[in-house]
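Okay, got some structures for you below.
Common to both upcoming complexes is chain A, partnered first by chain B, then by chain C.
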Partner chain A sequence: MAADIFTLGIDVGSTTSKCLILGNGEEIISSAIIPAGTGTSGPGRALEAALSEAMLSRQDIAAVTATGYGRNSFEGADYIVSELSCHAIGAHAMFPDAKTVIDIGGQDAKAISIENGKLGSFVMNDKCAAGTGRFLDVMARVLELDVSELAEKDAMAGRVIPISSTCTVFAESEVISQLSKNVDICDLVAGIHASVAVRTASLVRRLGLTPPLAMTGGVAQNAGIVRALSKELGEEISVSPLCQLAGAYGAAIHGFNKLKGRK
Partner chain B sequence: MADLSTMIAGLKAISPKEELKKAVSAGKKVIGIMPYFCPEELVYASGMVPLGLWGADMQANESKRYYPAFICSILHTVLEMGIKGKLNDLSGIMIPASCDSLKSMGANWQYGVKTVPVINVSIAQNRKIPAGKEYTASQFKKVRDELSKISGKEITDEAIIDAIKVYNENRKALREFSFLAGKHPEAISPADRNAVIKAGYFMDRKEHTKAVLAISAELASLPESSFRGAKVVTSGILADSPSLLKIFEDLHIAVVDDQIAHESLNFRTDVPIIESDPIMGMAERIAEIEGCSVLFDPGKKRGQELVKLAQDAGADGIIWIMTKFCDPEEYDYVPVKRMIDKAGIPLLAVEVDRQMVNYEQARNAIEAFSETLC
Partner chain C sequence: MPDTVEKKSAKVKLRELQDKIAQDAWDAKNRGEKVGWCASNFPQEITTTMGIAVVYPENMGAAVGAKGGGQRMCEYAEGMGYSGDLCSYSRINFAYADLKKCEELEIPFPDFLLCCNNICNCMMKWYENLAIELDIPLLMIDIPHLTKEKCDPERIKYIRAQFDDCIRQLEEITGKKMDYDKLNEVMAVSQRSSKAWLRAVSYMSATPSPFSGFDIFNNMAVACVGRGTPEAAEAFEALADEYEELVKEGKSTFKGEEKYRVLFEGIACWSNLKFTYKALQSRGVNVTASIYGPAFSFLYGSMDELMAAYAYVPNSNCFEKEVSLRVIDARKNKVDGAVFHMNRSCKNWSGKLYEMERQFKEQTGVPTIVFDGDQSDPRAFSEAQYDTRVEALVEIMEQNKKEGK
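For the complex of A and B:
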């Protein structure tokens, strides 16, 4: 049956804007990811791209829910919800059995517990960028790689070169010093991933590790990180191809639930 | 009688800088009082003016010559103000040794601020046993004598008893206000609640009591609250950042009670009047205070008390306002969290700092937490 109620979720992140349109609260009609975050043209472009792909106009959308760091500055939202709630809802839709969600975004990392399909409790990183997408961007730049190449390099690593510094700035110096020793870049990438995994795993342990685990956010696309994190936690981690859209997905579901009067 | 908002606006307008200037222009001597639990009544009894010093929302630069950057921002900013001469009108500053960072504050102040003498305050670690109470009282007596020298007049037991009565009246008024504010979040925002309490650190206590009683009378006459937002109890050292309190207000979160050193912990416990030795009564009060990380609490009664506060106030959750780099608070958090979790009360910890300018991450966490409460 064709959808008759469309809800849109937009996740205005620190570095990327994600938008997803849902039909009747279940069917993904369209989505868009624009690599420009809050305070840029990214949110508007993501919205337009998702509407265009779905061949819908703003008037066709019954509810727009904004989430992410830029949620409060996004104009035209019917609902505004934190990305922690939206990632919990989105991850639950992707993996209904998941009890713990790890979300690593552009500038923060979060461990989230899911209770009854919604946000239970959570632990966030502090203001430090280490262990976030920004950390990986910085490291990729030092290694003259695109961040999308990190997973491939990680897969070719023969060993893991430990990166001991937890601070992004010091870790960058450490990586540069390793480069000056002509170490294998693949081994260095595996070390960078391991350092992110250690930091993120500490968030999960503070929250309380309750499997099954799922991972959302843009960094989940990096199979090297997922592997390192899985090894560090000793648990399998489920990742959806839509991982980067989890917040927008959860926001669209939230909007639909609100329309239906569900909590 | 002025309406509620006018009365609260009056207290919000109280400026420590102006109060200091006013007192000095009137020929009075002013004594700065640093946290925690200094014998402020003795200053009142001496005829001098006490002025609370809990730091300021400012960048600290000069103070970093004496403290590394990773030390409590309350201390950093008080020292910064001292070094920059903003507290030169003080005739003395009481500095206790309640935590590791405060232990070196007195020496740092002596080196960095030559113009304002330090009055060191010691409180017994084992504050509850008879020997501990005797020690605290003996130290407070030393403070009394130092204040006598500064004021140039003897501080009699009668004057101390009178001061204790003034402070006990003030504490009683604040307890009543805190209770009524918790019942009427529709009328008292978290920022209002904080402002009413905070003004007491800068005003004459009798005047403050009068103002608080007038506000409470107004609150008591209000019909039952229609507030529908989330209700929380806060715990920590300090929660007076306007940006933080604005987040609470924006998200319709009410503070229905607190376990904050700067707020209720300062007025929850009265000083018993001991006619023969009033300073011993002040030591007795120190022995009775519960729920503060800088007062030795081997059984961690803080956790039980916090759970009870939340239950009694009908709170939906607890927000732990973690002062950045505060070791005592970080140590307390672990056992207290366990107790709160066991009681099934939702808990959020948010880190704050006097030098913070961007509260977006705190907003994000508080917003997500409030979504779990509704």
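For the complex of A and C:
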């Protein structure tokens, strides 16, 4: 049966804008990811791209829910919800059994527990944004790689070269120093991933490690990080091709649930 | 929705009293009397009884932070060579000691220093440093950290011996004599103030609470420094009476509907006070529990109990007791969640915060958040990070209410 209620979720992140349109709260009609975050043309472009792909107009959307770092500055939202709730809802839709969700975004990392399909509790990175998506962007740039190439390099690593600095800038210096010693770049990538995994694993442990685990957010596309994190925690981690859209997905579901509640 | 009421006269009385205490110190200085800089949890009963004017660098640090000068003063101190990891109150004070001026607030320069390590360990080195830099005497009372619930007789004896020695030295420095009959009177007045303060904050258990929990941050200043004066006792009694009346009328100074009630743990982010308050208030979240309620009431009936009272203050008290105080307060005041301030200034407090949060959550079952900040250095605080945590906490509390938790 064709969908008659469309809800749209938009996750306005610090580095990327993600948009997803849902039909009747279940069917993914369209989605868009634009690598430009809040304060840029990214949110508007993501919205337009998702609408265009779905061949819908803004008037066809019954509810728009904004989430993410730039949620409050997105104009036209019917609902504004934290990315913690949206990732919990989105992850639950993707992995109904998951109890713990790890989301590494552009500027923060989160460990989220799911209770009854919703946000139960959470722990976020403190003090600074080390070990987040931005950290990996910086490292990839130093290595003259695209961030999408990191996983492939990691898979070819023979050993892990430890990166100990917490500070992104100091870690960058450490990587440069290793490069000048002509170490294998794959081993260096594995070390970068391990450093992110250790930081993220401590968040998960503080929350309480309750399997099954799932990972959302753009960084979950990096199989090297997922592998390092899985090894660090001693648990399997489920990942979906839609992981980067989890926040927008959860937002669209939230909008639908709100509409249902009104009825 | 409870009616919003204007600020009551007790608050004005407290503010005026705070100004008077500050002015008294300036007047004493101008008369040529010896004036001290004093740690906030130093037994004020001594100085009040002896009629010695003291001022509080910690209070100045909070006020400078609240008035927007924290970062400037901290950066100045860092330029002098002090580490940015030191407490921001100490950095503001080091900057002031060197600059001898501060556009937000000034306090008279000291002739001696009174330090007590029950609130903070950094403070010992802070005051030692001041004593050397300003070449003035430092009187230190060492209050051993409690490792169990009760302060034992050995500790009391140890504190009392220092107390007596401190009085003797203060008599030498200031030329003023201790009158032990008057000390008993001051102790009695302090008890009046403490009991009135406790009665005032006890009304937070009402629904709605008769006042915005952030008011505590302002009112506690007098509870901290001036509770030994009859004016303070009267002001706190007036405050308690006003809150009692508001409870009867179902009114509150909290603006808007009190949808959720939370415990706020830690010192306020003075430099970001408005933002931290608004993010909660705009979502209908009122603070109805804070350790500043029970912590700044010193109840005692004898000299020995007075000694023990200064060992029971936060950061000196045993950890399990500290957790239980918060749990009891949270239950009594019916909180739906808790906000923990990871105050980067205070290693003593932040070092135990995660474990405190874990035990609090385990014992109360309410959701909690931790946010990074600092008492007077705004560089440790991120508005977006704080707002996201608060928003998510509200979403969890909303869900819990729906599910009848």
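We adopt the following convention: the second predicted complex is superposed on the first by the 260 of 263 C-alpha atoms of A that agree within 3 Å, B and C clash if a C-alpha of one lies under 4 Å from a C-alpha of the other, contacts with A are read in each partner's own complex, and residues count from 1 in each chain.
Convention: a contact is a pair of C-beta atoms (placed from the backbone, for glycine too) under 8 Å apart; a residue touches a chain by one contact, two chains touch by 3 or more.
What you are looking at is a predicted structure, and each value in this text was computed from that prediction instead of being measured.
By the touch criterion defined above, A:L213 reaches neither chain B nor chain C. In the superposition on chain A, A:L84 contacts both chain B and chain C. Residue contacts after overlaying the shared chain place A:Y69 against chain B and chain C alike. The larger set of touched chain A residues comes from C, when the choice is between chain B and chain C. Look at A:L119: by the touch rule set out above, it reaches both chain B and chain C.
Residue contacts after overlaying the shared chain place A:A171 against neither chain B nor chain C. For the contact definition in use here, the residues of chain A common to its chain B contact set and its chain C contact set are 69, 81-85, 108, 118-122, 124, 126-127.
Those residues of chain C that touch chain A in the shared complex are 342, 344, 354, 358, 361, 367-370, 372, 384-385, 387-389, 391-392, 395-396, 399, 403. Per the touch definition, chain A reaches chain B in the complex via residues 69, 81-85, 108, 118-122, 124, 126-127.
Chain A contributes residues 69, 72, 81-85, 108, 116, 118-124, 126-127, 206 to its touches with chain C in the complex. Residues of chain B that touch chain A in their complex: 346, 351, 360-361, 364-365, 367-368, 371-372.
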